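Which chain is which? They are A, B, C, D and E, in the order written, and residues in each are numbered from 1.
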Amino acid sequence: MNNSLLQVRDLSKAFGNVVTAKNLNFSLARGVLTSIIGPNGAGKSTLINILTGFIPPDSGEIIFQGKDITREPIDRRVRLGLCRSFQVANVFGHLSLFENIAIPVLAVERKAKSFLRSVAKDGEVRKEVDKILDRVGLLSQSHVPASALSHGDRRLLEVGIALAARPRLLFLDEPTAGMNPVERTRILQNIRDLSAHGEVTFVIVEHDMDVVFSLSERVIVLYRGHVIGDGTPEQVKGNPQVREVYLGEEVT
Amino acid sequence: MLEVEKINTYYDTSHVLQNVSLKVAAGQSVALLGRNGAGKTTTLRSIMGLTPAKTGSINFEGKQIRGMQPYEIAKSGVSYMPDDLRVFVDLTCEENLEIARRVCKRSGHWTREKVEELFPVLADRRKQKGLSFSGGEKKMLSLGRALMMNPSLVLLDEPSEGLAPLVVRKLIETIGEIRRRGLTLLLADQNLKFCRQVCEYGYILEKGTVVHEGSMEAIWANDEVVKRYLAV
Amino acid sequence: MKSNWKYIIVALMLLVLIGIGYFSSRFVLYLAMKIMILSIFAMGYNILFGRTGLLSFGHAAFYATGAYGVALCSMHVHTHPLVGIMVGIAAAAFLALIIGFFCVRHTEIYFAMLTLAFGMMVFSLMWNLRDITGGDDGLSGIMRGSVSLGFLKISITKDSQFYFLVLFFFALSMLLVHRIYQSPFGLVLAGIRENHVRTEFAGLGVKRYRLAAFVVSGAFAGLAGALGLLLESNVTPFAAHWSHSANPVLVSLMGGLQTFSGPIVGSIVFVLLREFIERFTHNWMLWFGVILLAIILGFRGGIVGSTTQLVKRLSKVS
Amino acid sequence: MMESLVHVCLAGISAGMFIWLVASGLTLIFGVLRVLNFAHGSFYMLGAYLCYTCLKFLGIDFWLGVIVGPLAVCVVGYVMERYLLRQVYDLELPYQLLLTFAVVLIADELVKIIWGAGSIGSPTVPGLAGSVQIVGRNFPVYNIFIMVIGPLVALALWALLEKSWWGRIIRAAASDREMAAAIGVRVPSLYTGVFVFGAWLSALGGALAVPYVGLLTTGMGEAVIINAFVVVVIGGLGSLKGAFLGALFIGLLNSFGTRFIPALDMFLTFILMGVVLLWRPQGFFAGVDR
Amino acid sequence: MDKPGIKRRDFVKMGLLTAAASALGTGVMKPVGLWAATPKIKGPIKVGYQAVLSGTLAGYGEFHKMGALMALEEINAAGGIAGNKLEMEVRDSTLAAPAALQNVRYFVDSWEADLLAGVDSSGQALAVAPVVGQLDRILMVTHAATEKLTEDEVFKKGIKQVFRICTPTYQDGNAAAFVAKDLPATTWATINPKYEYGFTTWNMFQDTLGKLKPGVKFVADSWAPFGTTDFRPHINTIMDAKPEGLYSVVWAGELITMMKQAQQAGMFDKIKYVLLPVGAAMDVLEGLGPEMPDNIWISGRYFFLYPDSPQNKEWVANFRKRWNHYPAYVSETAYSTMFAFKKAIEACGSKETAQLITALEGMELDSPAGKRVFRKEDHQAMYDVPWGLTATDPKYPFKIMGKQVVIPAKECFNRPPFEGDASKPPFKS
């Protein structure tokens, strides 16, 4: 278990009488690109929300890099290296791309509290921001406000912000939704590169099966708060239960 | 009955629907298929006028309804069951049903008694507020509310989602019952098998455009399409 | 090109202000000081309101604290205006820290109502602690001591002398606020306004930054209050009343919320408008209300915001 | 002591009912339209002045004044919603506050121009002028009347919202505006209707306040609006039951506070407001409501 | 974001430049005395008048205006002051100190007023006094009553530019005690405004009455904040204490409300002796109409039926003809202010402040309210105001001051120099 980055023990969460996570147990290994899939309402988003601190679980523990973070606030988790991107592009609308990326960069470099130095003049920050903007292919639009971006570009920016926080473990919630093929290729290439470097361990929640199966080393299938499939893409593809929930149960 | 032609819909600047066209004939039941985020919900919302389409035309019973207010569209005979159901939590079950009939002022087959006949559980919970309903009950209530408007076209978003197999089977029967009353259906669902049971024709959406259309049987038989756009 | 223009505008403005200090009549000086003091209040306030997106209805409490701070300091401790101003700022910032600690737990209307409640508590404290604050009569006749810098003693007794002290603090505040807006801290605040969830997920404790913004804006309110006291040599508890808190809100909205110069332009319009309307009619509130309506309905984004957009549109056309 | 306690209670309840009459409209408007209407106090003032005018100059009976005055205010409410507020629904809260604030300035000044600047002592209402003796001390009949009217208005509002179809539609639109539109509710018209109705309630409060306060002044709206705001906040923004109980509570708190801890006076109200917002932002009586 | 083009260094430079200019300015600059007084009477004589014209007390401003305007018309019709036209501008003081200060500065520095008058609240008067001193213009206070204005600002701090034509708090506090000492009541209570005016007058009343009639008890005090519309809790407090006498300086609209509510609660059945030092204000009497109970002790800063002199009668008649109103006390003080100015200017032949101060100090003025003398030490106008019991008179649609007693001002006003044995009203031991 040394290689385990994040461990989830007996995690449960219910909203009223709707159970969205029921005694979940799994661990995520460092460097293993994992996908979480499942039909609508399977509890994928809730799971990410719980793991990243957005929603407190009813019971269970979350261990990140050997540290119990179940009760840690969001910003602490982020600083420990646990970050996420959002399903709907969740960017700073009126701010320029540079500023969008600069916010997490400043947080990482612990410069966010400084109130008299100019952000624009900080060479280190500039370099880091430019590097990330370049990586997601938006460097040329550095001064454009995020709200003026196309949908796909905004998703790229979204992932860029998440990356800028220098996470060890990064949850990407539908990173390619609404992207055109070029953008999609770029983002996938990025994920592959970073994953191969071992800098970031990715966990992806996706509906696009092409993405899931071309990227992942491991796939976890959730259904109604339970894990109903877990393994390599091939294993999951062959799992009859998984096929069942995806195409609908036999109803005749 | 319903002719959607090349509509384009945006959320802010993101171009969600791109030249979506589809047709629903009177009495027909049509499925919108596709994975999450493909644009199914947006298509239904555009027809309902909730997220108005910027360009294109939506023709309903010979009338252009694109650009009309949602309440006008509702009064002209389109009703809508959203995927998140959205029953009025502050109203009792009975009020939820009756309000639709009263506001819409369309007469027809559906009365509260008929709806309660269709979903007996609603009769049991007549005086309870919508807040206390379980997911399945809310679904029936939301569907019942849509019927109470006595529409000629019903838009159903994810009717089978989150329902146990037994309930899905019941739902198929119910939809059959509804259709016998002469209603036209346009439903968006991910569950191919379910759609096959209740619809004749299907459109597959992917990234905001229609990528495939055909009779449900043809879609069902087309393994490649299913694999590519719908399955794991 | 564009940046040069802004540089020139600021330089021109300062030149004009210096010119006013030397050549204009005492009433113009007085109005200019009022405008500058209100600008300091509003610029600081806008760090919280326009920048961080939090609407406070209690900032008059900090203004009043700054004013009472100077008054009490010069009555009981020392008449040095700079010492008084420091005391005023410190007192206001400290109060803002305490009140802010509770208020930043909420946002939007709950935040506004909470600041209203705390502001009115401060108001009634100032009203009731008669031995210290002079009750509703307030403290008056606080004379300005001279600014002594050890080797140099500058008299500010006359308005024409005091003007330059106000101008100095106005320029300093502009510089500071501008720096804050350019700084990482300012950027984080804008991030909180745009998307506080995302800011949290950038690894930043949003509440602490909100509190910091609250304290900084409270400190500016304190500075404004301190200068206001030195100008008027008087303060009453009404300075802490919620209706006084409405002033910076009005000024920011009139000028333009998300602009640096909005509060300044708003202050100019606010003070001059009132002054001019009153010269024509005793029903000044009626016309003030009508003009306010026109600004809200006609100039969304405030005067500065709308003008900038108009200029942009025109320059695109040509 | 008994005598004192009873009268402190009575004073508190009647004051509470009086606040309630004003706060009910404010709560209703906030609950449905999500607009904090600063100009609510102006409706109150206009209601009072118009009722007074009917009473004094047109020679109409007070009761007719209570009906006619608020109805005239409805017209003002209609114009304000239709031509002003509707422009700013999509803008942020501060703009709405500013707009309604501008209306307050205009209304105050217009009242001054029309009715004059001085405060006007109002005539008493025939039939409700006297006092009755309750445990050794006089208590005005009119206050008893207010104590009856308050709950009656609450009851009528409750019946309207819970039992009438219009009320159900309002509740539906309040809980889900978009879905209400999708079942055929003309939401903009409904909003106008609710706003006008809220204005009517406030003006009714103003009309009934004429004999209660005994005085009409420009700016009388501002005097009640803060208390009404406090009530709306501690009742849980938008909850009518909460506002009713909140008003009663504030009335009693003021009465007992003035009698037994006079040093705190308005401090008390704002401490309560702060505590409620920190401790139960959903409203002091949220549990009671649902 | 904003002003991205401005480089840091540029901004610093600009700051330094400003700082340098500031230093230079304070060191070298001498203000140009545009406002310096004219050596001889030249051109019109301008009076800047401020009173509250908005909010709940706006009615007072209107009454100020009526009196001042009437005087202005009369003076100009009779050839002005020393042959010069009298001009007046009226501004809204909004009852707030900052507005009062701005008005004063506007009048003097922009409109170039020669004289100032008005001011309603004590807070405003105290705020304005030092500024008036700096601006060196005469200010005649026509409504604000705080004794601190004349004792502290004029007498102690020597702000000689300030005068007051209306009665101060002594009339409301001390004079009331003189009335109370002859009443059989031995226990007194108050509902008073919860601000300095209320506190001061109640203290004066207690002090003076305590000395005039040892053994009286003050059994309850209830303090109504500004803007109180519901006095019932306060009435309960008082009734619980069962006093024989009630003293209250609650004024204007609030007094109307209080009286109505006290009447309803039957308070006047139980408390027979009620003293309302500002109850004889016309807005109160007219506002209450027949609802004002009989036999309540009322006074004011002027009451239109006193003195019974031809001058007063004629004035009241003229006022009614001009405005269709009975004159309020602020109308009288505003009116008399203009004539005080006229007399002083004509006496010294100048509108220069220093000379006017000398002319005004000790000056006697025959006014509708009777003979006024501006006390030299503290610039307080000494004149007598009646106290009386409310009574019904079929000639008037409101209660008037019936049986009247007059406590001479010099009996009940504090005497300069305000310290030592003579600091209290002279007691007939």
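What we mean here is this: contacts are C-beta pairs under 8 Å (C-beta built on N, C-alpha and C of every residue); 3 or more make two chains touch, one makes a residue touch a chain.
From a predicted model like this one, the values you see are computed outputs, not experimental measurements.
Undergrad: What shortest step count links chain B and chain C in the network of chain contacts?
TA: 2
Undergrad: Given the touch definition stated above, what is the smallest step count connecting chain B to chain D?
TA: The fewest steps needed to get from chain B to chain D is 1.
Undergrad: Which chain is most remote from chain B in terms of Cα centres?
TA: E
Undergrad: Applying the contact rule given earlier, which two chains have the most C-beta pairs between them?
TA: Most contacting pair of chains: C-E.
Undergrad: Measure off the straight-line distance from the CA centroid of chain A to the CA centroid of chain C, and report it in whole Å.
TA: From the centre of chain A to the centre of chain C is 42 Å.
Undergrad: Cα centroid separation between chain D and chain E, in whole Å?
TA: So the centre of chain D lies 36 Å away from the centre of chain E.
Undergrad: Can you compute the centre-to-centre distance for chain A and chain B, using the mean CA position of each chain? Integer Å is fine.
TA: 32
Undergrad: Return the distance between the CA-based centres of chain A and chain E, expressed in whole Å.
TA: Whole-Å distance between the two chain centres: 72.
Undergrad: Hunt down the residues of chain C that sit against at least two other chains at once, touch-wise.
TA: Only 179, 182, 190, 285 qualify.
Undergrad: Hunt down the residues of chain E that sit against at least two other chains at once, touch-wise.
TA: Counting only residues that touch two or more other chains, chain E contributes 1, 4, 8, 53-54, 194.
Undergrad: Touching two or more other chains, which residues of chain A qualify?
TA: In chain A, 99, 118, 120 touch at least two other chains.
Undergrad: Report the residues of chain D in contact with chain E in the complex, numbered from low to high.
TA: Interface residues on the chain D side: 3-4, 7-8, 11-12, 14-15, 18, 108-109, 112, 116-121, 123-124, 131, 133, 137-140, 142-143, 213-215, 217-220, 223-224, 254-259, 262, 265-266.
Undergrad: Across the complex, what residues on chain E touch chain C?
TA: Listed in rising order, the residues are 1-6, 8, 10-12, 14-15, 17-19, 21-23, 25-27, 29-32, 34-35, 53-54, 90-92, 96-98, 101-102, 105-106, 108-110, 122-123, 126-127, 129-131, 146, 148, 153, 157, 194-196, 199, 226.
Undergrad: In their complex, what parts of chain C are in touch with chain E?
TA: Residues of chain C touching chain E: 2-7, 10-11, 14, 17-18, 21-22, 25-27, 30, 34, 127, 130, 134-138, 140-141, 143, 147, 154-156, 158-161, 163-165, 167-168, 171-172, 175, 178-179, 181-182, 190, 232-236, 238-239, 259-261, 275, 278, 282, 284-285.
Undergrad: In their complex, what parts of chain D are in touch with chain C?
TA: Within the complex, chain D touches chain C at residues 36, 84, 87-88, 91, 93-95, 97-99, 101-106, 108-110, 112-113, 226, 229, 233, 237, 263, 265-267, 270-271, 273-274, 277-278, 281.
Undergrad: Write out the stretch or stretches of chain D touching chain B in their complex.
TA: Interface residues on chain D, with respect to chain B: 165, 168-169, 171-172, 174-176, 178-187, 290.
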